[in-house]
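Structures incoming, each one as structure tokens.
Each of the next two complexes has chain A plus one other chain: chain B in the first, chain C in the second.
== the complex of A and B ==
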């Protein structure tokens, strides 16, 4: 299973194995991670699953939908060029080793 | 109450789970006990009529958090236990098992249950409802064998189910007392759009019709259809009832708390006993987005459950603030996703932005000249901007909303006028 590295705002690293086809959000919350709220359950409605993707790996990700783009304008921590919603990223073998930073706040 | 003590949460749905999780995020260090009568870990209901029903999600995928989360955050989850009585004087709750749990603060997150169809035959095998994971599991099994379904009630859940069933080749008839789908919540324009979309997927609607009887059951058999007040009969091997909910307010009423179609709370979501709060589907609160004169409001949505939970958790942790989050909601019906911001009912003016014929538009609803709600399909930016406008009280004229050249995004980022 692809290995994904989550870095908390205090620098703590958490490495999680997430099954292919599962979203980053789903894989992370199912393993009880703190720092991803995901109150809408992956429906691209809440923007509380915000992550900052390691810039050098951004190109590995699927393109952003209009919906995700719109919602990212309403995140609790400031949107950056490498902001994504983790519920919209489906894990593939190519994402093995992906590093994402968790924002200071989700709400 | 800023000193640590015991917070007891009754109900382990979306609101109950969230208040517990948020208490820890807020730094509350006392004991947190969650009592819920459903088995297993807390889960989300929205997928039950969507991904779970289609088989895309399993029971694990709808769980809010794993076991480990509750242990790590010292949340004592008592699943499968029913609260039987609140002893306000003694500050404890008796469970059906006989055990009593003391509290310093009690949060009622009891949710709602489906309204039963009040007609003969409603208890027959083959008559289903959809509220819990158990219901969804049973329904998924029935759907495999179903050929003809009648959905009673053209509300969100009924129509989400209708779309799933129709996509699986089941012949679906929706019987509704009103003259259009989702009439209680949606503008006529959006309602008409969804009617057309469902009809194109071969869902058949019967409006202005009241079900008076469920047919069948001879010799202990299954339901075979429904009969309406005008004598028409609609055959079915599966009848899904989706005619709204009844808030679970009995425990509160028996404890002497004010109840009127929901547990009455103030703008801090406290009941008339300061040691007891109520949140989510079971609570009726003074809502700043409701029409003047309509009185306190009860909202059934994930947003409402979660934001109310946060509000109460913050108050218990010593940071009280009145509740005032903008209501939002979504519903997936077949390939379409409806997004709603605000509370649009009632409104006297509705203007369309976008292209209904092309399936991408929003309806902006105005009450007494003010924007009160926006319904969108395939216009996610309108939805997000609508939430911003409503949250910040930024005015918008109907003419601006209707003008495709009007820059809504720039308008929504204008700081609020003093």
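== the complex of A and C ==
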């Protein structure tokens, strides 16, 4: 299974194996990662599964929908060019080794 | 309740329970459990509809709009065979792609960015309300808090006319009763509905709505061609229907939980930043919106049972939110729980468009309570309010101390 690295705001790293076809959000919350809230449960409606993706890996990700783009304008921690919603990133073999930074706040 | 093995009309286990009866409303949990245990899908013989009560099936039905459509109504009435009691909702009672165009307008008006702009004012209103109630000490937490707080912020945020706001809660009660069967609750609600409907229809017009509110924002979408001028008032109506009674019952549920479970209240007192989680867990635990229907667009198998085309399927959201297959200690109210994935706001394309607003109201109100109130005690008889869809209280007498 692809390995995904989550880096907390204090620098702590957690590496998770997430099954292909599962979203980053689902994989992270199912394995009890703190820092991803996902209030809407993965429906792309709340912006509380916000992550900052390692900029050099952004191109590996699926394109952003209009809905995701609009939601990112309302994140609790400031939006950056590498901001994404983790519920919209489905894990593929190409994402093995992906590094995402968790924001200070989700709500 | 009796569960028969076989019935004409369906191969699902059958139940004669009436989930729209007063007895059921008083204590749904035991029967929810029986329905979950009976099978992945059950046949409600009294109404001749299938129903799902387990989390997995409820979630699956909510997330498959192609098979389980909303355009034939999300109540027991089938719009394919009967006329809706009011013009169809442009979001609740439509399917993609028609649905998505109207929904996008509401998404924008109720976006996370829009919520950020409301937070300060909503927080100040919550603080004032809690101060006022602390002064009184003893009060009824349903009218004086669960109703009073949303009514102090939402109508203004929407831009409702000042005159006639007393119609808001009765109108919502009609709407949510209408999703049920043709029982006394529904008949009485519809019999008295005309004045409420007339006020809401008038209030949804562009000229009636204050500038800067959600309503004006929806009408502004006609200028860009996202929706037509004929559609705008109907879309505004969705906020009148679903914007108040839902949060009233959500907040009422949270206050009732915190008054009943002192250990959770103490936890919230110690850490007021848990307010948002305490509200969310109350939505899971009590499920203020208990049920919705879908209609099948094709023959489909649910849990090994064939359900034909054009059949109503009832989803028990409250039962799914306490399904032990999905939740640990489902019958415990635990504000530290990971609630992500609960279906109290639905799921899929029709998931509650006002969920962020509901959470904002719940969070700032419970946060103000946690910072200012030391103890909550229930001091009188707790009375339930009966509605075919909504679960909540009519009266919750409490005493609070600073």
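Criterion: the second predicted complex is superposed on the first by the 107 of 107 C-alpha atoms of A that agree within 3 Å, B and C clash if a C-alpha of one lies under 4 Å from a C-alpha of the other, contacts with A are read in each partner's own complex, and residues count from 1 in each chain.
The definition used in the following text is that contacts are C-beta pairs under 8 Å (C-beta built on N, C-alpha and C of every residue); 3 or more make two chains touch, one makes a residue touch a chain.
Predicted model, so just to flag it, every value in this text is computed and none were measured.
Report clash or fit for the pair chain B and chain C bound to chain A in the combined superposed model.
clash
By the touch definition at the top of the document, which applies to A:19: first (chain B), second (chain C), both, or neither?
A:19 sits against neither chain B nor chain C.
Kindly classify A:75 by the partners it touches after superposition: chain B alone (first), chain C alone (second), both, or neither?
second
Contacts for A:58 in the overlay, against chain B (first) and chain C (second): which applies, first, second, both or neither?
A:58 sits against neither chain B nor chain C.
Is A:94 touching the first partner chain B, the second partner chain C, both, or neither of them?
A:94 contacts neither chain B nor chain C.
Identify the partner contact of A:39: answer first if only chain B is touched, second if only chain C is, both if each is, neither if none is.
Touch status of A:39: both partners.
Kindly classify A:31 by the partners it touches after superposition: chain B alone (first), chain C alone (second), both, or neither?
The first partner, chain B, only.
Touching chain B in one complex and chain C in the other: list those residues of chain A.
29, 32, 39-41, 43, 45-46, 67, 70-71, 73-74, 107
Name, in rising order, each residue of chain A that touches chain C in their complex.
29, 32, 37-43, 45-47, 67, 70-71, 73-75, 107
Taking the touch rule as given, give the residues of chain A at its contact with chain B in the complex, in rising order.
26, 29-32, 39-41, 43-46, 66-67, 69-71, 73-74, 107
Touching residues of chain B toward chain A in the complex: what are they?
Against chain A, chain B makes touches at 18, 44, 46-47, 60-66, 68-69, 72, 302-303, 306, 310, 328, 330, 332, 337, 339, 380-381, 383-384, 387-388.
Quick one: which bits of chain C touch chain A in the complex? Just the residue numbers, please.
107-108, 111-116, 276, 280, 338, 340-343, 345, 347-348, 351, 353, 355-356, 359, 363
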